[in-house]
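We call the chains A, B and C, going by the order they appear; numbering starts again at 1 in every chain.
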């Protein structure tokens, strides 16, 4: 299902060694990214990580300082945007206020000089794909935010682009509508087999929508993998922190055996997956759903503490536990969640196999 | 309670202002149908004979022609140059954008008379003797600030992503400007053009110093008529100018809406 | 003030800064050149012309202007006209702008039309209309007599009253529009919020609404003052020789008396007044907006 290996001949969009600086700051630092035909890759990262600049470079709206971009086997690094055959859905949609819904969708085809009859057909097709074929004659100002979003998508789809680019395309919608559109967008892109890059800072959106996620930070791709891999095995401390919640405990490696390290921490001796020489300063981490109230027979990592807060989230509760210098984060359900009351003592355990270790950043980081 | 008084006060002021502002226009229209040469209001019997006399006023047609030429040409040139400058100013790609904006709109607040005499001395020093050219150049300074002010305001609200969207959809850069920016800015263009044209067409204090015996603009001619021999022919002419203005305003309202223009005017 | 919603795509810097800068400079150059060649340099010539007489530099023209009681009176006439016009226009325009901002639909369109039409109409036409309205047998006198307010027609044309009426009439829209554009953007919830915080309507107006409309007031006052201080057509038609102003002095110096140096000096004085008004208003607007 997921295409982790897309460096082969199937690569439809190839970004290689792209660099870009604004003044003295490097915004993109030798980025490599290959996307297969029909694949949806999300660029996920905080603002200023370079994801939007990378998207603009692929669209041709910005020129890289170095490196190349190839779409469908054609080097387009020096090609202006109007000859790239890309479709862009902008954050604020950028719909032409002086044109109707149909006029907006037809825009790209008119500019390309397609025959009238073809344009009318393509417009109808694109609009029915987004379920707006009944609004063709409406002025843009008469549409809701969600409808404008769909028109923007239809406009980008109508030209049958080689690559679809979404720049924070859903961020202007409210939560419920956004979740609805995520599902719908996924369906449409599957239906037409579109190759797409999706820029977002919203991790839930990235996890829901993508075939693969590229987590970006400081102009580099920190981790490029399928959503479940990003979540379950974050490659770097940054990815761990940016995607999902986690418990993090600092410590020093005291022993290493067969991919498992033993670590001295302020809350006792624990174990984690990883290869480190004894004496290394590391950060070990675990996802909250792996933490459970410990019974006597539990093996794996075990830590005691006092419940600081409980956040009820419906089917589950997020429990924060003070344990010396560390804070544990556990996601509990059912009876276990009921038992956690602020101020009460609790003992939590989690499997060593679900404990990751990363080299500790400097004390300032 | 004090709220109601305030609201009533505001409405009284607004209605009073409306009547006060319209009064001279209505009076001119009424006086143009005066049955006698002394501006009797046509209470008993109206006459349209003054309208027939407009064309026979001494030097009327050349003055009208000159004013229309100067107003149209200076507005057209200023529209192009003012819009280009406004793009640079609103895109803030150069340092000193604020300063450029202030400089471009500053002639609006300058006494027209002072601009007139300054240009008079300047053109004399340069040896520019042609009144037509002098008027056109002077009216560029009259029209440019109106255009710059309105276009800067309009462009500040314009979303330049539209241009990028058009480019990704297949437009060249100039094509994108033409197809995405120009139509979206139509209200601003219309407001800017309309008011610049009227400012030039109506200008007296700058033109008066730059005309010669042969080239006199309509406002100068009209003031001359009023001072020499005021009769209802002038009222008729004024009414026709008003009528043309009303038609222009109605057309603009149909095209973009007056409240949008009020928003772009300041 | 004019907040734009621009997505991150546009917020990134342009592709090749140098080329973009040259294009930007090329776009701005023609307009800036016109401004320089036909506005800044001519004003420099004017300044030079006011002090260069015969062979050397002399302030004689300024001495004549600022040292004779007659010409001081002329300057005062111009200032007085501007002050009275601005004051009255503000008194009418400020509340009117509020009504205009609260109006909706057809009423708003109608009110806006009554604002735009006079603004678009020729100054000469309007001034001419007032000469007809204010004649002793004109409409104003007729109405006042019919209403029994006066018995005899009063002389209005060629009085200061006529001048001020005409001047306010012509410049009033320039007061209303800037104030309107600020008032229209006022968030009505502000006064509601003030009320919930315990402010009476009067206090809410004085402490919330009034400070928020200061930018509009400053713009309107500056515009009306600088326009009316240099008005030429209105005084010429409505009061004439009896009320000499700086503007009429300048025109006379050039068109009749052939005293360009003196006219230039008067022009510079008028210019200084205009610049002072603008500078002061910018400061005030910044002060008002910065709180």
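Throughout what follows, a residue touches a chain if its C-beta (ideal position, glycine included) is under 8 Å from a C-beta of that chain, and two chains touch if they have at least 3 such contacts.
Just so it is clear, the structure is predicted and the values come from calculations on it, not from any experiment.
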item: Maximum centroid distance from chain B, chain identifier (CA atoms); value: A
item: Of A-B and B-C, whichever chain pair has more C-beta contact pairs; value: B-C
item: Centroid spacing, where centroids are CA-atom means, of chain A and chain B in whole angstrom; value: 54
item: Whole-Å separation of chain centres (CA-atom averages), chain B against chain C; value: 16
item: Set of chain B residues in contact with two or more other chains; value: 159, 161, 164
item: Interface hub residues of chain A, defined as touching at least two other chains; value: 61, 88, 90-92, 94
item: Touching two or more other chains - residues of chain C; value: 5-7, 9, 14
item: Contact set on chain C toward chain B in their complex; value: 2, 4-7, 9-10, 14, 20-21, 24-25, 27-28, 30-32, 34-35, 38-39, 41-43, 45-46, 49, 92-96, 98-100, 102-103, 108-118, 120-126, 128-133, 135, 139, 169, 172-173, 176-178, 180-181, 184, 200-202, 205, 219, 222-223, 226, 229-230, 232-233, 236-237, 247, 250-251, 254-255, 260, 263-264, 267-268, 270-271, 274, 277-278
item: Residues of chain A touching chain B in the complex; value: 59-61, 80-84, 86-88, 90-92, 94-99, 107-108, 111-112, 155, 159, 165
item: Chain B residues within the chain C interface of the complex; value: 2-3, 6-7, 9-18, 20-25, 27-28, 31, 39, 41, 81-82, 84-85, 87-89, 91, 93-94, 100, 103-104, 106-107, 109-115, 117-122, 125, 137-138, 140-141, 144, 148, 153, 156-161, 164, 194-195, 198, 201-202, 204-205, 208-209, 219, 222-223, 226, 230, 234-235, 238, 241-242, 245-246, 248-249, 253, 258-259, 261-263, 265-266
item: Residue ranges of chain B touching chain A (in the complex, touch as defined); value: 159, 161-162, 164-173, 175-176, 179-180, 183-184, 186
